[in-house]
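So that you can tell them apart, the chains are marked A, B and C in the order they are listed, and the count of residues begins at 1 in each.
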Amino acid sequence: MTLETILFILFAGIAATTSVLMITRSNIVIAALFLILNFGALAGLYLLLNAQFLAVTQVIVYAGAIMVLFLFVIMLLKPEHERSIYKIPGMKIFAFAIAFLVFVQLAYLILFSSSSEKVSPDVQASINAGTIETIGRELFTNYILPFEAAGFLLLAATIGALILAKKKIE
Amino acid sequence: MNFQSLINSLQYIKPEIVIAVVIVLVVTTDLIMGKNKSLLPWISIAGLIVASFFVIEQFSFKAVSSNANGSIGMITADPFGAFFKIIVIVSSIIIVFFSLSSNEIKEAFERHGEYYTLIFGMILGMFFMISSADLILIYLSIELLSLSSYILAGFTKHSLRNSEASLKYIIYGGASSGIMLFGISIIYGLTGTTNLYLLNSFFHLPQFGGFIFWLACILIFAGIGFKISAAPFHFWTPDVYEGAPITITAYLSIASKAAGFALLIRFIKVTFIDSVDASGYWQLLNLIDWKSFLILISILTMTLGNFAALWQSNMKRLLAYSSIAHAGYLLLGLAVLSDQGLIAILIYFAIYAFMNLGAFFVVMIIANKIGSEEIDDYKGLGYSMPFLSFSIAVFLISLTGIPPTAGFIAKLYLFIALVDAKMIAVAVIALLNTVVSLYYYIKVLKNMYLVRPEKEMPAVLVSPAAFAMLIVLLVPIFLFGIYFTPLVNLAKSSIGLMGF
Amino acid sequence: MYLTVLLPLLGFIINGAFGSKISAIGGSASDRRNEKVIGIIGSGVIGLSFLITIIAFFQTLALPVEERKTIINLFTWLKVSSLDVGFAYQVDQLSLIMALIVTGVGFIIHVYSIGYMHGDKGFWRFFAYMNLFIFAMMNLILADNFVLLFLGWEGVGLCSYLLIGFWYDKKFEKSTTSDAAKKAFVVNRIGDFGFLLGMFLIYLTFNSLNFNEVFTRASAFGVPETTFAFIAIFLFIGATGKSAQIPLFVWLPDAMAGPTPVSALIHAATMVTAGVYMVARCSIIFASAPAILTVVAVIGTLTALFAATIGIVQNDIKKVLAYSTISQLGYMFLAMGVGAFSAGIFHVMTHAFFKALLFLGAGSVIHSMHHEQDIQHYGGLRKHMPKTAGTFLIAALAISGIPPLSGFFSKDEILWYSFANGGFLFWLIGALTAFITAFYMFRLYFLTFEGKERFGHEKPASTRSNRGEHPHESPNVMVIPLIILAVLSAIGGFIGIPEIFSGEHGNIFHGWLEPVFKNAERKLAIYGLHTHFQEILLMTISVAGAAGSIFFARYIYLRKPSIASGTAKKFKSIYNLLWNKYFVDELYDATVINPIVKTSDSFLWRIADNKIIDGLVNGIASLIESASVVIRKMQTGVAQFYAVIMMVGIAAALFWIVLSL
C-alpha cells in the first residue's frame, strides 16, 4: 500500500462517513459541522488528484465562506429539531430503495465499465494542469466566454439577493 | 498563444454582446434615473431590436468560434440558432409590452430596474444556450437562465403562492442542474473534452457505449428535460406557472422552452450524428437509442400534460399543463430524427409562440378586469367582453390545432413528418392526445359562450394598447393558417446547424 | 385578375366587421344614409371586380387563341410530396365567361338589393354574406385545381345556407326558414360527399389535383374507361346536389325562403350553375366516360320535364320560378350530356340574365305587394307597375324561346344538339318541356300583371296584402337593374347566333370557348345528321310550339279562367300529383328520412347510442378521469417528492435502455 492509497482510504472514509452522519442527524448544527468535515475530506481528495488549486478553493469557498453562511442562517432561523421529513408513509423505504438503486448503478459503473480505462494519468502533466497559472491562462483565453457568463450569473444572483432582501411591497 | 483567433471569434457573439450591454445599460439607467422607471421598457425594446439585426446577420453564417490554439471553440453561429434567437427576441419584445399592461408588474413599480435586468439575464442565458457548443457553457447558460427565472418567478412577492413558486423552482432547478453537472462530469471523464464537436469525433471511436455512457446521457437529458418540462422532469411546471407573475409564466412557457429545445436538438444532432442521408434522415451513432427514448418521453409528456389538464379549474394551471403537452408534441418532432421533423419543430415553435403568448395575454387582461383566473369565473364573458373572448377562443382553437388557424399547420407538418418516417402508431397516439386536448380547451369556450353569467356583467372595453397587441398576435394566427408558405420556407432555410 | 376575387373578400371583411358599427352611427335617425354607405361598399367592390373582369376579358380577347389561358399563382398553399395545392387562379375562356356572369349579374343584384333590403335590421349582414358569396363563387370558377374549387364549392354552399336562413325567425310554410336552410345544407352535403369521392379518385388515378395536369393526363390514353366512369359519376352526384337535379333537387324550392335577391343571385343565376360549370370544366373526364354522359343527359332531360310540369300548378310566384330554374338547369345538363358543352355554358349565361330578371321582377312585385307571394292574389298589376311588368314580359318571352330574345338562341342550340348528337327522344322531351315552360311562364305573367285585380278585397284580415294602399312601382334603384337585365335578356343571345344565320363567322360564342372543349369534343367525335334544313325545321317547330303555348295560356287565364279550375277539377288526381310536386318530399320522408329517424330512434339511439356508445364513451371518460386523478395526485406540491420522481425517472430510463440493448 502506497501512501497515496492510505491517504485516499482515509479521506474517502471520512467523506463517506460524514455524509451519512450529516443526513441522519436531527440537530441541524451538528449536521452542518459534519458537512464541513465532509468538505475538508473532499479537499484532501482533490490534493491527491494533483488539483491543488481546486483543493484550496474548496477549503476557502465551501468549508470557509459557504459554511459560515449556513451557520449564520441556522443561527438566525433557530430551527426546531425536525422530527421526520418522511410525512408520507412508506417514503423512507422508497427513499432507501432509490438510494440503493443509484448505488448499485454507480457500483456497476465503476466495477464493470470498460470505458474508464481511457484516462491515462501522466503525473507531470496532471500536476501542471492543476496549477493556478494553467488554470488562469485557460480561464482568460479559451474559457473567457464561460468566465464572463459566470460573471453575469453572479450579477443576476446579486440582484436576486437584493430583491429577496428588500422589504415586501404592500 | 494566438489571440487573434479569439478576437476574430468575437463576431459570432455580437447579439450576446448587445444583450450584455443592455443589461449594463438598464442597471445604470435605473441608478441614474432613480424614481423614473418609464424609460426602461423602451431601452429594452431598443436593445432587442439592435440585437435582432445581428441575429438576422447570423442567418448567413455557419461558423464556430475558435480557441487560442485554433481548435474548435465554444460558440456557433448558424441559421438554426438564429431562428430560435429570433423567437426569443420576438417573445421578449411581446413580453415587455405585456409587462406594460400587467397590473401585477405595475404594482411592483419600485423594482422595475431589477425586473428588466433579470429578463435580459434570461435572454443572455438563452442566447448562450441556443448557440453554445460546449458543455461547460451549456451548463453555465442554463444556470444563468434558471437563476434569473427563479427570482422572476417570485418577483412580486405579494402572495404566498408566489414565494412558494419561486422556492420550489429553486429547489427543483438546483437538483436538476446538479444531476446534469454529474452527467457532464462523467462525459468529461470519459473523453477529456466538453466540446460537442470533439465529443462527436470521440464517439466515432469503437470503445464508447455501455452503462456509464448511458447514465451520463440520461443525466444530461434530465437537465435539459427540466428546462423544456418533459416528463418526468416536469413537476415544477404547474406550480411555478401558477404562482409566477403571468408575464413571466408566458415567457417561461415560450422563450425558455425554445432555448431548451434548441439546446437539446443541438446536443443530440451535433454530438451523436453519424451521417445525414439524402432524404434528410439523421443516422445517429449506435451508442444510445435516442429515437425510442425520445418517443417514450414525448408520449409520456403529452399524455401526462393533456390528462392532467382535463380537470384543471385555474386558467394558468390549465395552460401550464397544455404547455407540457405541447412540449410532448415538439419532442415527437425531434424523435423523427430527420430534417423534416426539424422543420416541423421550427414551424411549430414560431406558431406556438404567438398562440401561447396570446392565450396568456388574454388571461392576463381578463384577470386585470375581473380579478380571477378561475375558469368558473369566465362564465358569460362572451357577452360582456366579446373581443377578448373571441381572441382567446381563437388562441385556444389554434392550440388545439383546428383549421383555419395556424395551430393546424403546426400540427399538420408535425404529423406529415411522422407519417413520412413511418411512425404511424406514434402519430395516432399524438392524434388521440390532440382529441383529449380539445376537451379542456373547449370547456373554456363553453363557459364563455354557452353558460349565462350568474350576475349581469357590464360590457368591458379593451384599452387601445391591449387591442393593438391582440391584433398583432391574432394576425399571425390567421395569416399562417392560410398563407403559411413563407413561414415554411423560412423554417426550411433555418435547419442548417454548424457542421451540417 | 386576382383582385376580382379579393375585392369581394374585402367587402365582406369591411361589412362583416364594421357593418354593425356603421349602422349604429348616428342612431336610428340616419338609417337611410348608413344603409347607403354599406350598400355602396357592398356593391362597389363587386362593381370594381366586374370592371376588372371586363378589362381582363378584352385583354384576353386581344391575345392570340393559344395564349388565352393564363395562370395566376398567388402562393403555394400546401406542398406535400406529389400533392401541390396552390392558391392559383386559371383565367381562360370558360372562367372568364363565368366571371363576367357572376360579377356582372352579381353587381346588378347588389344594387337592386340596396332598395329591396331597405329597412331590414340585418342590412349589413346581408351585404356581408352576399360579398362573401361572390368571393367564394369567384374562387370556384377561377380555381386552377380541385381543392380550391372545392373550397369555393363549400363556400358558396355556406353562404347559401346563411342566406336561406337569413330571416331565421320567419315562418316558412309549415316550418321556419332555418329548416329550409337545414334542408339545403343536408342535401348539399350528400352531393358534396360524391364530389369529394370523385376528387379522391382523381388524385389516386392522376396523382394530382391540378386541372392542367389532370386534364392532360386524362386526354392521354392508358386510363381504363371504368375509372373515368366512377370519377364522372361521383362528380356528377356532386353536381346534382349543387345544381338541384334529380334526385337531389328538393332543396331548391325551399331555398326560396331567403330574400328574393338571394334567390335571384344564388339560387338562379350563379351558384346553382356551379354544377354545370364543373361538368364543363371536367368535360374531358366526362367525355372519356360516354356512358355517364348519357346518364347526365337522361337526368337532365327528366329533370327539365319533371320540374316544368310541377311549375304549371304552383301558385307561389317564387316557387314557380324555382321550378323553372330546376327545369332550365336540366336543359344545361342535357346540353352537357349530348356533348354540347359550349351550348350549355351559353345557356348558363342567357339563363343568368333572364332568370335573374324574373326573380328581381318577382321581388319587385313582392316588395310592392307587402310580401304577398300568391299569384292568386295578384292580377292587373301592369297598371300599377308598368316598368316591372314590361321587363318581366321580356324575360318571360326570353325563357319561352321567342326569337330574337336571348333564350331562343341558347335553348334552340341545346335542342338542336340534343337532336343531332343525342337522339330524337331527347329532342322531343326537350321541346315538350319548352312548350310547358312557355305555358306556365305566361300563366304566371297573365295572372300577375293582367286581368282583374284580385288583391285588397279578399280576406283582408288574414293575408298580409295591402291594407287599402295601392301597389306601386318600385324605386329607381330597383327598376334600373331590371331594365339593364331586360336589355341583356333581349340582346344577350346575339353573341351566340348559330352558324346558319351568321354565315361564315360561325357561332362566335362557340368559337370563343372552342379551345376549352376541343379535347373533349374530339374524344366524343359524335356528329350526327347535320343539315340546315333540319335545323330550321326544328327551330320553327319549337318557336311555333312556344308561341302556341303562350296563346293557350292567354286564352285560359285571361279569357276563360273557368277552364283552368274546371280542368283542375276534372283531372283532380293529376292536379294533386303536380300540386304536391309528385310527392317527392313525402317519398323521401317515407323512404329515407323516416326509416333513418326510426332506426336512429329505436336502434341507434336507444341501443347503440345509449348502451354501446355511451357505455364506451363513459367508460373511456371514467378511465381518463381516474387516470387524470392519479396524475393530479402526483402533483402533490411537495418539492422533495418531485425530486424523488425525477430520480425514479432517471433510474427507469437507464434500466429501460439497458434492457432494450
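In this section, contacts are C-beta pairs under 8 Å (C-beta built on N, C-alpha and C of every residue); 3 or more make two chains touch, one makes a residue touch a chain.
What you see is a predicted model; the values in this text were computed from it and never measured.
Student: Could you classify the connectivity of these chains, where an edge means two chains touch, as line, ring, star, complete or other?
Tutor: Here the contact pattern is complete, since every chain touches every other one.
Student: Using the touch rule from the top, work out which pair, A-C or B-C, shares more C-beta pairs.
Tutor: The greater number of contacts lies at B-C.
Student: Just curious, how far off is subunit B from subunit A if you go by their C-alpha centres, in Å?
Tutor: The mean C-alpha positions of subunit A and subunit B differ by 31 Å.
Student: Centroid from C-alpha atoms only, then distance subunit A to subunit C, rounded to Å. What do you get?
Tutor: That pair's centroid distance is 80 Å.
Student: Quick one: subunit B and subunit C, Cα centre-to-centre, how many Å?
Tutor: 50
Student: Please set out, as single numbers or ranges, the residues of subunit B touching at least two other chains.
Tutor: 211, 215
Student: Do you know which subunit C residues sit against two or more other chains?
Tutor: Where subunit C meets two or more other chains at a single residue, that happens at 648, 654.
Student: Where in subunit A do residues touch at least two different other chains?
Tutor: Counting only residues that touch two or more other chains, subunit A contributes 105.
Student: Going by the contact rule set out above, which residues of subunit C touch subunit B in the complex?
Tutor: For subunit C paired with subunit B, touching residues are 75-77, 80, 87, 624-625, 627-629, 631-632, 634-635, 637, 639, 642-643, 645-646, 648-650, 653-654, 656-658, 660-661.
Student: Considering only the defined contacts, which subunit A positions touch subunit C in the complex?
Tutor: That would be residues 85, 88, 94-95, 98, 101-102, 105 of subunit A.
Student: Provide the residue numbers of subunit B that touch subunit C in the complex, in ascending order.
Tutor: 167-168, 171-172, 175-176, 179, 211, 214-215, 218-219, 221-222, 226, 231-233, 235-236, 238-239, 288-289, 292-293, 296-297, 304, 307-308, 310-311, 416, 436, 482-483, 485
Student: Can you name the residues of subunit C that touch subunit A in the complex?
Tutor: It comes out as residues 640-641, 644, 647-648, 651, 654.
Student: Residues of subunit A touching subunit B in their complex?
Tutor: Residues of subunit A touching subunit B: 105, 108-109, 112-116, 118-119, 137, 141-146, 148-150, 152-153, 155-157, 159-160, 162-164, 166, 168-169.
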